[in-house]
């Protein structure tokens, strides 16, 4: 619905949408924790969680109970306000990012003409939260982790924007619903085929943006014990955990809408296609995590500034030329 | 430069007290040279020039003093040799450090300093390495007065190919030691007497170790604290 | 410039090969022995060194072969065996074994002239306090013989006697070599 | 001043409590420059294998100066040796370095046998070679998994332990335990290998060769790993000589030195195998040398299992637990998984050995970490630490 002339009914829809999104985020965290631990288990030829509940399904629920119950330990002379602001800042802005995403033909919480600008603008908040967490927890490892988180987050924002911009160029509009409408029903008419380079660049940046797998330097276990969230236990750690999975879900939804045809599917359109595609992308991220070693920090930045950025600019330029001459 | 004879002359020039040839089949050492503390660094530099590396330093407590054995071996062709230094004064044992010739020696020397209290002058960082640094304990590996053995009685150094007069580790006169390798008879009564004698001396020394200052002073040289050594004997 | 790009492509190819390997293992059968549901197959446990046990007597099952010669107590580096000579003949009256001190080195088993001691194959031993680790092996021998007496058949392996319910403490005959 | 004045000759030790942090960080920070951060890596740190603590002086992310602090796992095996019988000290050998227990068993048992002049029967020699090489493979597998885990890959350590389980099952059939093996006796080995033992080995060798191909595809050729290892942590031959570093570190520096060939012991001269040498001097060279050694050890075991004769597994009148080592001195070196393991036994013919010096390869290998990690990034310092294949109980003894 249009943002400008907001009415009472519009407001109610918005509130319901927000509640639904919070429910989605929590349920998704539970499902993703289970899926990740099962996936990791199967890759490593072990059964994964098995004891709690049928086939271990209650394991993440019990984990979150434990995290709720754990004592929140605050180390000595810590910046009290920032220490507690950081997890909250990490988790809640992500809630706002789910609104413009078109789950179904009519299921869009906030019909905003330039949905992608809203998403990318707020994507930087998680970065700020990591910085605050590392800085405020009075721990040398935290400070090192925070430094890495900032430079990595800033570095990988730019190729991400340029990659998405290429798709926007091609479809001519910033509104996510129109982008999905522009893609056809069958896989060969999705953007992934006409923008393969943009898809590859976006895939790399989404792994880096959510601090996952080969790029998980801010919380590199083997070097910085736990990076920026070393000193967090109990709910603080749980919120960071939830934020990480919410970010993963968000970038997977954006990847689904931009490159994999959103809610358009071969049989009949609907929000389930978005979820299937998003969860496929997430399983791919989990698969990457359990395969590759960690990239060193300067290599991480080299990949970005020396390879991803030029490639994305080149791709943008080619798209512009093609769109200009063929005239969409 | 890789035959024991060549090295024997090299050590002689470096001022060795004596050069002994332990039986290689039993001891695994091709040559062992006894150096005075002063000429140790010179011999080590000569060995380093010859491509030898310092494998480890063994310190052992004997009646004559601390015998510090430096074992060298060459990485290109195998020739295992030992430099030995005898430190007679047990109250303040001093040995020049090889840390500037072989950086690896620094840790081995700190370990000997931990266990025996041998001070290696010139070691860049002579603080305890394996034992806790903040509450130092008297060196645990020193032998009690009744279990200590004598190098000359044991005679494990092998026959001396060349010995200068200053060397006092020559094997003890044969009549107290029937055969070089056999356990000298004199040792047996001491060993026999050991079980009874030790428990009394052991208990008070161990019990009183930390608190009583004078007590620790007296037994500092020969104390054998209980916690490192398990109560021995049935 | 071309070689740089070629290196990157080769690098990407090596990443894909790595992904294929883990992908294939995603569907491979699991290797975990899931303890409550599956048990380590006893054949593998033949040489496993669990806590000590007294071997069964030749003629009378519940009589130990021990002649209380103290060889094992002397030879044990951990001093975990206490044998007290009994009244009737050479049989010991008490045979106390402290499993918390034992380092399973096997010196006692090898030095025993009457081959009276052997390692049990109790893999699933669980105790809640250190005192429970101090075992009286004479009582243990009687209890095991009572549990599955081999009766006259002297050396038939007691595979049949395997109790599946609780810890499969192997009552099998002593394994081959001393 | 505490009454142990002779322990503090240069007044280096200040009164405890007058400084922040503990004794070692205070002693380390005396030489710190401006604008640097003193960081404690360990002793509770995920990437130090066991309880190693490294004091690191960081300038930003660069390691300017580092000093490992040892002693958190010091059990004083050498002092225990002076209170136990020679036979009673054998189980300790499995506990000094539990990843390569057989190497240490061999060094101590052979050192006493060399002193006492005990001959070992043929079959026992073959059993010794087979168990030592299998133990070397299992030690290299644990190193391989843990090293790649340090670099951030979580899965390969599970595959490595998957293979190591088979090895532990095989070795358990003869030694009785899976980790702290007490297999060697003076004059032979503890138990003979039965038919199932040799069958399991024959099945294991081809399967392991298949797995080595998989390891190469998954990790060795992985570009991220190559970038993390090549050209980092350079330790050349001269540095190894100055520090006494031996084993794969020395062989990765281009020196062809393997105790099995340099000082032939046991029956190693009957098998044909090469010594993998790489003159790359960097982390990847050490990685490559160890992975190749797994292949060579498989070849040795294959030939040994084929040629093993019948016979006794221990000499007839083998020394009993109350056996006394004859008076004398003996040094014996063995090629362990991490380098040259030497045991220096001095015996006065009494009930217990007079002095036993255990030369751990890790002790000298770790000493050169400070010089190799100077000026590198923190992540590279952790990678160099992992490439040294450290086992802290062996270093602290």
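For reference, chains read A, B, C and D in written order, and residue numbers begin at 1 within each chain.
Everything below uses one rule, namely that contacts are C-beta pairs under 8 Å (C-beta built on N, C-alpha and C of every residue); 3 or more make two chains touch, one makes a residue touch a chain.
These figures come from a predicted structure and were not determined experimentally.
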Which is the least count of steps on a path of touching chains running from subunit C to subunit D? 1
Centroid-based (C-alpha) most distant chain relative to subunit D: A
Most central chain, judged by mean C-alpha position against the global CA mean: D
Considering A-C alongside B-D, which chain pair is linked by more C-beta pairs in contact? B-D
If you average the CA atoms of subunit B and of subunit D, how many Å lie between those two points? 25
Whole-angstrom distance, CA centroid of subunit B to CA centroid of subunit C, is 43
Per the centroid of Cα atoms for each chain, what is the distance between subunit A and subunit C, given in Å? 51
How far is the middle of subunit A from the middle of subunit B, if each middle is the mean of its Cα atoms, in Å? 65
Residue numbers in subunit A touching two or more further chains are 43-46, 290-292
Residue numbers in subunit D touching 2 or more other chains? 155, 159, 162, 218-219, 222, 224
Counting only contacts in the complex, subunit C reaches subunit D at residues 10-12, 14-15, 17-18, 21-22, 25, 31, 43-44, 46-49, 71, 74-77, 103-107, 110-111, 119, 176-177
For the complex, which residues does subunit D have touching subunit B? 2-4, 6-10, 12-13, 16, 22-24, 27, 67, 70-71, 74, 76, 78-80, 82-83, 111, 114-115, 117, 237, 240-246, 250, 255, 257, 262-263, 326-333, 340, 342, 344, 346, 348-352, 354-355, 357, 359, 363-364, 367-368, 371, 396-397
Note which residues of subunit A are touching subunit C in the complex, please. 39, 42-47, 50, 287-288, 290-292, 307
Name, in rising order, each residue of subunit A that touches subunit D in their complex. 40, 43-46, 140-141, 144, 214, 216, 220-223, 225, 289-299
Contact footprint of subunit C on subunit D as seen in their complex: 84-85, 87-91, 95, 155, 159, 162, 165, 169, 172-174, 176-177, 180, 182, 185, 190-192, 194, 196, 214, 217-219, 221-224, 320-322
